[in-house]
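After this come two complexes, each holding subunit A, first together with subunit B and then together with subunit C.
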Partner chain A sequence: MSAGMERRAVSRHLRLLGAQMRLSMLAALEYRVGFWTEGVVGLAWSLGGVVPLFVAFEHRSDVAGWGPWELVLLTGFFLIISGVYASAVQPAVSKSMTQIRTGTLDYVLLRPVDALASCLTAQFEPWSLLEALTGIGLVIVAAVELELSPSLGQLGALLVVLVSGLVSLVALGVLMLCASFRALELQNLTSLMETLLGFAHWPISVFRGPLKLVFTFVVPFAVMTSYPAQSLIGGLGWPELVGAVGTTLALAIGARVIWGRALRGYTSASS
Partner chain B sequence: MADGPVISLERLDKSFRVSQREPGLWPAIRALFRREHVEVDAVRELSFEIQRGERVGFLGPNGAGKTTTLKLLAGLLYPSRGQARVLGFDPADRRPEFLRRIALVMGQKRQLSWDLPSLDTFELNRVVFDVPRELYERRLAEMTELLDLGAVVRKPVRTLSLGERMKCELVAALLHAPEVLFLDEPTIGMDVTMQLAIREFIREYHRRHGATLVLTSHYMEDVAALCERILVIDEGRLCFDGSIAELVRRIRPLRRVAVRVDARLDPGTESELEQLGQLALAGPPRLALDVAPQRVPAAVARLLALPGARDLEVHDAPLEEVMRELFARRVSVREAEGA
Partner chain C sequence: MSSGRVAKLGALWRLGVAEAAAYRTSLLIWVLATTMPLISLVLWRALAASGPIGDYDQDGFDSYFIAAFVVRQLSVSWVVWDLDSQIRTGALSALLLRPVHPVAHHVMFNLAALPLRTALAAPVAIVVLLATGGISITANPIALALAIPAVVFAWCLNFLTQLAIGCLAFWLTKAAALYDVWIGAYVVLAGYLVPTSLFPHGLAEVARVLPFHAALGFPVELLIGRLSTAQALEGIGLQLAWLVAVGAIAALAWRRGLRAYGAFGA
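Coming up: the complex of A and B.
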């Protein structure tokens, strides 16, 4: 593909993202009561994300070597990841799963754009972004309280692990979606993922043995929340950075390959 | 562009692996651990060609493989064996250049956003199919007028009637002016007026754009009105390819001569008429005689001579009857082969 064609393809997919988000916003605005209820729930959910911190510090002064403000920093990154999951990944995956079950994925596959991009932008829940915004607020407050003045290198590492964490999250969403091609009643998988995501609330050093391995390399919550916080505090080394990128690449490539195979097995529910 | 078939299939097969179990609780529990599967051949060694601008109807009983064939041609399903080409592309590759030139409309599936006005989905498709704004406005105005949609496109889809929704589905599918249009049961469940309106619109779209149409429908009127050529598919195999007239001549070579009458026939007249042909309807109110083409003049004369006979009609057997007879014949041949 020439550079010009690639640019046009990227621009078309960005416009697709914009158009799908617009459609989701319009759908959210269609029901007034539902819109405001979602808003209140979104606000309560983001505030609720901070509660475990208060509970923990009622009983002890640190958790696995992480002090109170360091944990606030980690919680900030957790809320960012959790907000992105609740606003973009979970709704899109759930909607696409329904489309696979009912056969309306046909129309998605008939679009002259990447089918995976279409699925991943199928639905968006704007209010859940409040959680991510609260997370950004917590990161800023914690950074001020900890008097952090990160170097350019640390900021670069933060960017790398944050992007890796988000890509891993999306890749896990894609794998869930692929599973639903084989077993059609797998809507619960997204709820399971939401529950599992609760583990990302705590630093990776809390976990031992197989759980630590799983949360670092298989469902890499470490990459999503602990590593970004560590990159600012100063505890992230090269091995973790390389491990994060490697794990993410493996997940992303694996998800793309499995998606391709899953599509080949699509049977398009009969009309 | 080089001349040649727009669509060509060569020994195309599609089979599905389907799980099966006996009914009841115990088989259901057993199936949790060990499930039996069977291979179901939905399409078998299908070969045909369709030229640019042709209007082709797929006919066949339920489960014959018509919709599967359409989905294979639109690139939604991967064939198990064989090859398909549409507009020079392998549909299974689903290349954007290919998808931009085709459309598939399914009467039983919806692409319009349920809670929003159709216009919002049209706008999404404008972006997805990269239709310039000016062209989009022009096509939208043209189709809205042809389909007499007016303010319907501004109402949430959930508030529309089935017919209105289908009209909007057609607009959504045609905004990018596809060269090949696949229609799967586009008038299903609609009243006669709406069926007519949709049929007229499809015919007009074909006339203006010279698009190639491939249609499946359970309503024979759809096929008879829209398609100059029909492909009959049964059990995944092609069993007829030609015009409706040819099919009718082959399956029911007799012509039907019918009149309206007020009284029952007396036995003498009935046996006299049966010497001319088969008495299909013995009225009142209709009396119909199926006769060989060379006997039509004699049958017309005899029927019109009956007391009170009026409203003469001479036509081929209705397509529904022809299809019923065709499939009944195939079932009995299969049963004979199995015996």
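Coming up: the complex of A and C.
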């Protein structure tokens, strides 16, 4: 492919992203009650999930080596992840699942853009970003309260694990989407993922044995919430950093390959 | 009850069982999506490794959360989503024409999925039973006998709450979203994530008289033998009081709602 064509392909994808975002934005502004039903309720839900952590402090002075403000920091990163899931991953995956079920995915496949890019931008729920914004606020408050002054290296590590966490979240979304090609009733897989995200509320050091391995390398909740917090507090070493990037790459490449195979198995509504 | 009515309810039951069987995969995922108590089990078990928390040690948490998982599976219903969409799309009109009350229709459909749901949840529960210290059930025969009505009342309480909130769809377009608010409070206050007795003083006492606790925490504590007979009877009385209150609201909302119902052709 020549450089000119490549540039055109990139701009086409960016235009698609822009158009889909704009449509979702306009729809969200039409239904302003969504601020309450999606934004505020979603935030309350996520904060409700933190209650057990603070109940634990009633009986203990630390939770698996984490103090109260350190857990607030972790909760901030959890809200960012959970907000991105609720506003970008879950809506797009659900919408695409409906398209697979009804056969309207045909129209998506006909577009002159990558089908996966099209599916992943299919829908966006801006109100749920309230959760992510609150998360950023909590991270800042906790960082001030803990008197953290992260070095450039630490900020770099934070950036790496944060991007890794978000990429693995999207990759897990793609895998759910692939599963729904196989069985049409797998629509509620996204609810299952929401339940599983409950594990990400807690620091990885709570877990032992096989669960610790699963949450570090298979469904890497550690990379999503514990590592970002650790990178600021100063407990994140090179092994964790390399592990996070490796796991993310494996998940992303695996998801892309499985997506290709799943798509080949798609028979559309008409055939 | 006349035999005609029994036949109608029997037909609805068979219909509900058939529907549950047709959607067995999604039912299985719903079972897995309500494994939150098992997630809590793992976490609290890990925290209690260095000594008991409050009056719960590791085995105590095992018993509590396995029981919570079982009670949750047995007391679940989804009438709020069905009713919400039926009112919005007008599908309720067809139900109103049938010779059975629409609420009876929903009761039968929700109950008919329970056997299959139990069968799907059983392997999960058995794996957890084997992987952890297991569950110790109350040795008090009276408490054990009272646990049965407690679970039945918990189901009724969930169903009536959903019915009352679902009826709001007669006036609002997004009644099911309001139920999210309710379930959010339930998750925190019912003892779904943490036994309410571990809450800080003051908050614990308040949480334990709310309907959320009556719908989950109370039957669970009764089942694992954490309540005396007197406390058990008190809890049943509280459940009945909430049932009367929520039931009255649901009945009122249903009657008023039907008058406001303006679907196509209604």
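Rule of thumb we're sticking to: the second predicted complex is superposed on the first by the 239 of 271 C-alpha atoms of A that agree within 3 Å, B and C clash if a C-alpha of one lies under 4 Å from a C-alpha of the other, contacts with A are read in each partner's own complex, and residues count from 1 in each chain.
What we mean here is this: a contact is a pair of C-beta atoms (placed from the backbone, for glycine too) under 8 Å apart; a residue touches a chain by one contact, two chains touch by 3 or more.
Everything quoted here is computed from the prediction, not taken from an experiment.
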Exercise. Is A:Asn188 touching the first partner subunit B, the second partner subunit C, both, or neither of them?
Worked result: second
Exercise. When the two structures are overlaid on chain A, which partner does A:Trp202 contact: first (subunit B), second (subunit C), both, or neither?
Worked result: second
Exercise. Looking at the overlay, does A:Val51 come into contact with subunit B only (first), subunit C only (second), both, or neither?
Worked result: second
For this session: Name the contact category of A:Val113: first (subunit B only), second (subunit C only), both, or neither.
Result: first
Problem set entry | Which superposed partner A:Glu147 touches (first subunit B, second subunit C, both, neither) | neither
For this session: Could you look at A:Gly103 and tell me whether it touches subunit B, subunit C, both or neither (first, second, both, neither)?
Result: first
Seminar exercise, completed: Counting only contacts in the complex, subunit B reaches subunit A at residues 16, 67, 71, 74-78, 94, 96-100, 102-104, 106-111, 113, 115-116, 120-121, 123-124, 127-130, 156, 184-185
Exercise. Residues of subunit A touching subunit C in their complex?
Worked result: 33, 37-38, 41, 44-45, 48-49, 51-52, 55-56, 58-60, 63-64, 183, 185-189, 191-192, 194-196, 198-199, 202, 206-208, 211
For this session: Over in the complex, which subunit C residues touch subunit A? Could you list them?
Result: 23, 25-26, 29-30, 32-36, 39-40, 42-44, 46-47, 53-54, 174, 177-178, 180-181, 184-185, 187-188, 193-194, 198-200
Seminar exercise, completed: Listed in rising order, the residues of subunit A that touch subunit B in the complex are 12, 15-16, 18-20, 22-23, 26-27, 30-31, 102-104, 106-107, 109-113, 115, 264, 266-268, 270-271
